[in-house]
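Once you scroll down, you'll see the structures, which are given as structure tokens.
Next come two complexes, and both contain chain A; in the first it sits with chain B, in the second with chain C.
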Partner chain A sequence: MRAVQIVLCAALGVLVLAFPGLVNAYWLSVAILAIFYAIVTASWALLVGYAGQFSFGHMAFVSLGAYTSGLLVKWFDIPIPLGMLAGVVLCAIVGSGVGFVGLRMRGPYLALFTVAFSEVLRIIFVSEVEITGGSGGLEVAPLFHTRSDAPYYYVGLVLLAGSLAAMVALVSSRWGLFFRAIRENEAAAAAAGVKVVRFRVLAFAIASSFAGLAGGFYGHFLGILTPDIGSVDQMGLVVAMAVIGGAESLPAAVIGALALEALVEALRSYGEWRLVVFGALLLLTIRFARNGLLALAWEQLARVVPVVPAPRKTA
Partner chain B sequence: MTDYILIQALNGLVIGIIYAVIAAGLTVIFSILRIVNFAHGEVYMMGGYFAYFAISLLGIPPMAGVVFAMAASFALSVLIERTLLTPLYSPTTERKGDYGILVTFGISIFLRNIALIVFGPYPLRPPSFLTGALILGPLIMTWDRVFDAGAAIAMLVFLLWFMHRTAWGEALNAVSQSRESAAIVGINDQLFYMLAFGLGGALAGGAGALVGPIYSLSPSMGLIPDTQAFAIVILGGMGSVMGSILAGLMIGVSESMFVALFPDPSRSLTYAQAFSLLVLMVVLLVRPTGFFGRIHTALD
Partner chain C sequence: MSALLIETHALSMRFGGILAVSELDFAVHAGELVGLIGPNGSGKTTTINMLTGHLVPVQGEIMVRGVRAHGQAASAYATMGVGRTFQITQLFGRMTVLENMLVPGLARPGSKKAGATRAARRHLEFLGLAALENLPAKNLSGGQQKLLELGRALMLEPAILFLDEPFAGVNPFLRDEIIVLVQKLHAEGRTFVIVDHDIEALQRLVHRMVVMARGRKIADGTVEDVRHDQEVLRAYAGF
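Right after this comes the complex of A and B.
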């Protein structure tokens, strides 16, 4: 059994590493965008699924990270990795700020607050045309000047693997336990000695930093940024990815993001129908399979194929 | 200049009354179902389109179109409630608050994008209710706005009468105070969840039909009024219809003053949208229970 698992993992690893050589340029860029969404979705799942803090402002942090890096590189000519780092740091600071003021709010109030925060930020990016280029977009320096997008793919892969490893390590540590304790019952967690204030703020800061990192990568890959990246519909796409995959498990959220981004491109010819399809899929998943489709599929698979280990309870 | 500001203030009052209708719908839903309905702005948008198509396809006169829009929004809301919200009442559902947020957020994405396909991205303008303008000395106001204000006041008076002077309203109030006690005295709570969500939707849809001739209709028109309604509901206190009316007028007037007095006119319109969002953020920070909140409707 174990040997089969190792062989499967190794085959998957080779496939992932050889991917740029196997597909055309179009699907390679799709894969890079999928990696971007995977980082965003996983960090949203960390904040919402594990720490239980409902934020609809996650894409705002993506745009904040992306614009920070893009603008710093454009106006001050600093190296791109430094710009991305600045984006991450700013997102961590603003994220702790939002997390801190959000301490007074529960569930839907926090969700409302973050929607408002995200729209205000988007309106600022739209209105300050002299600095951000407004709705017309901001041209951002590319990270690489190669003909192929393969370097972006590998950098993205490293970022995704690094972020995911860090997040998994976090949620399986004592801190992860604190996050879940706060999610289940804040008063009980506080009574048991969990520093609720510190860990609620921390969860927000950490998740926002990953969003900022993904945003910087996104901006320097696409070469153009519009305020639309922080729109409510983009947030809806990320929510759909996380919930359809399974918001209470980081790997499930990542797989949800990769699968949905592939679906986005496969449905490209249907244009506007895509968000309708995802909205409907999101509603059906929440209504009938709250742990996500992946957990559901895994359960069925474990019943049929004995090689697959039985699903672990993550929540 | 003072005339301009006076006219802006009057316009703000009219818009404020319409905001109050949207917010009153939101607060009725909140006080019975205990969810913050993120799809409320999309029902408002649908109401506008219901009226538009009732007028242009069925040949219904514009004023009757408002009633049609309210009925259609009521039906749409009841459909949503029966298909997607019933897990909220089931004891086996874990973390109902999260479910309510996610499902209504999903509904809003779905409705907005299906409207984009069915109705198209271009603004549509339904015909005026009444043409011409009312002129009182230096003050000018289109008859559309006068009609809107009158119709919105009528809706609010009806709502207050319904909530406080009828057995159905009393039953709604009973369910909002305690589901269990209401069930003990023989109130069928399922019926009243349906009624509350439908009533809230009808108010949003009616408001959407009213603003159509003033602002035109577009699939994304619900986004901003939605946050404005949230700001109003929280300012006025969750569950308080009177509070929503007062806060709606406050927000409407202060917002149009903001537009009138903003130093940079080229940005005043985009930042006017941010204004209500900032109000919402400040209210959430400073006084999350609002001014007229009732203890039993506080959200934990």
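Right after this comes the complex of A and C.
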């Protein structure tokens, strides 16, 4: 049984590594965008699914990370990795600020507060045409000057694997335990000695920094940034990815993001109707599978296929 | 006289125009087992909330082991050795019983996971919950949840433990079990302040009673003294 699982994992690993050679340029770029969304969705799941801080402003941090890196590289000609690092640090700082200001808010109030923050940032990017290029977009230096996008794919994979490993380590540590305790009951967590203010702010800072990292990668991959990346529409897509996959499990959120991005592209010929389908899927998931469709599907699969281990609850 | 663990001077709390607690002077020494009683709305839970950092008093002073604690967060009170349970049980429902215990265990400065896990299992054994350590807390019965909340507070190794209505909504069998557990813990040297309406249960348990009515302390003494206090009788039965 164990051997079969190892063989299956190895085969999946080979498939993932060989992917750029198996698909055309279009599907390779879809895969790179899916990896970008996977990092964003996992970090949103960390903030919402584990720490219980419902934010609708996560894509604002993606845009902040992307614009920070793009502008620093353009103006000061600094190396791109340094620009991306600056975006990560700035997102952590601004995320701490948003987390601190939002400390007294819960549930829908916190969500509305983060929507407002997100819109303020988006409008600044739209309005400051001289600096950001406004709605016309900002040209961003590419990470690689190659004909193929394969290097982006592998860098994206490394970023995703590194981010996921860091997030899994975090949620498995005592910090993760405190995040979940705060999610479950703040008063009880405080009575148990958990420094609620510190950990709520930390959750925002950490999740925002991963969003900033993903944003930097996105900008330097696409080569152009528009303020729409931080729009509520984009946020809705990330929420759908996390909820359909399973917001209380990092791997489930990642798979939800990869699957939904692939579906969005596969059903592109159906135009706006595909979004109606995703909306309905989201509603059904919330109603019938609150831990996400993936957990439900995996549970069913484990019943009928003996080599599939039963899902382990991570949150 | 043993060490003074908690002490208040002229402690007051106001919610809008309502004075919930008025100029309360209160002290608990190490090793005491104190009952805090009073009719509904007398300010007992508000007092506990102030003494554990969940409410900041509008006036007055709180000293914990000789250190001014006024205005500190609830987590700081916990770190100073003030544990509590809640009137309505507050657990981390979707986390396992063991995880519920580990949260305070790992929140203690300098704690290690192995040591916290050992302590958690020891307390769960004492409370009769050892077999349930992998169950989500929300799946426990109401009585088991009360015990788990007590266990979680014990994980802080508290110098003083406030139990807010531990007998509310529990059957007589479990009530007796809780009384025995508290007596055992007290015999080990733990200090308790117990808030409850169940005067009969408290009489069996505590050595000293503090009675509150309309936000004020109206009596403080031995159980026998308090039972015959005219102001207490008036507050409780309108005599």
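What we mean here is this: the second predicted complex is superposed on the first by the 313 of 315 C-alpha atoms of A that agree within 3 Å, B and C clash if a C-alpha of one lies under 4 Å from a C-alpha of the other, contacts with A are read in each partner's own complex, and residues count from 1 in each chain.
The rule is short, and it goes like this: contacts are C-beta pairs under 8 Å (C-beta built on N, C-alpha and C of every residue); 3 or more make two chains touch, one makes a residue touch a chain.
Small disclaimer: the values here were computed from a predicted structure and weren't measured.
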If you stack the two complexes on chain A, which partner ends up touching A:N185: first (chain B), second (chain C), both, or neither? second
Identify the partner contact of A:L82: answer first if only chain B is touched, second if only chain C is, both if each is, neither if none is. neither
In the superposed arrangement, does A:G279 touch chain B (first), chain C (second), both or neither? first
Once chain A of both complexes is superposed, is A:V194 in touch with chain B (first), chain C (second), both, or neither? second
Contacts of A:A18 with chain B and chain C, given as first, second, both or neither: neither
Per-residue contact with chain A, leading partner among chain C and chain B: B
Just chain B (first), just chain C (second), both, or neither: which does A:L177 touch? second
May I ask you to decide whether A:C9 touches chain B, chain C, both, or neither, giving the answer as first, second, both or neither? neither
Taking the complex as given, what residues does chain A use to touch chain B? 52, 54, 56, 101, 104-109, 111-113, 115-117, 119-120, 123-124, 126-127, 232-233, 236, 239-240, 243, 272-273, 275-276, 278-280, 282-283, 286-287, 290
Would you pull the chain A residues touching chain C in the complex into a rising list? 174, 177-178, 180-181, 184-185, 187-197, 315
For chain C, which residues are in contact with chain A within the complex? 52-54, 73-75, 78-79, 83-84, 86, 90-95, 99, 102-104, 106-108, 113, 152-153, 155-156
Looking at the complex, which residues from chain B come into contact with chain A? 35-36, 38, 83-84, 87, 94, 97-103, 105-110, 112-114, 116-117, 223, 227, 230, 234, 267, 270-271, 273-274, 277-278, 280-281, 284-285, 288, 299-300
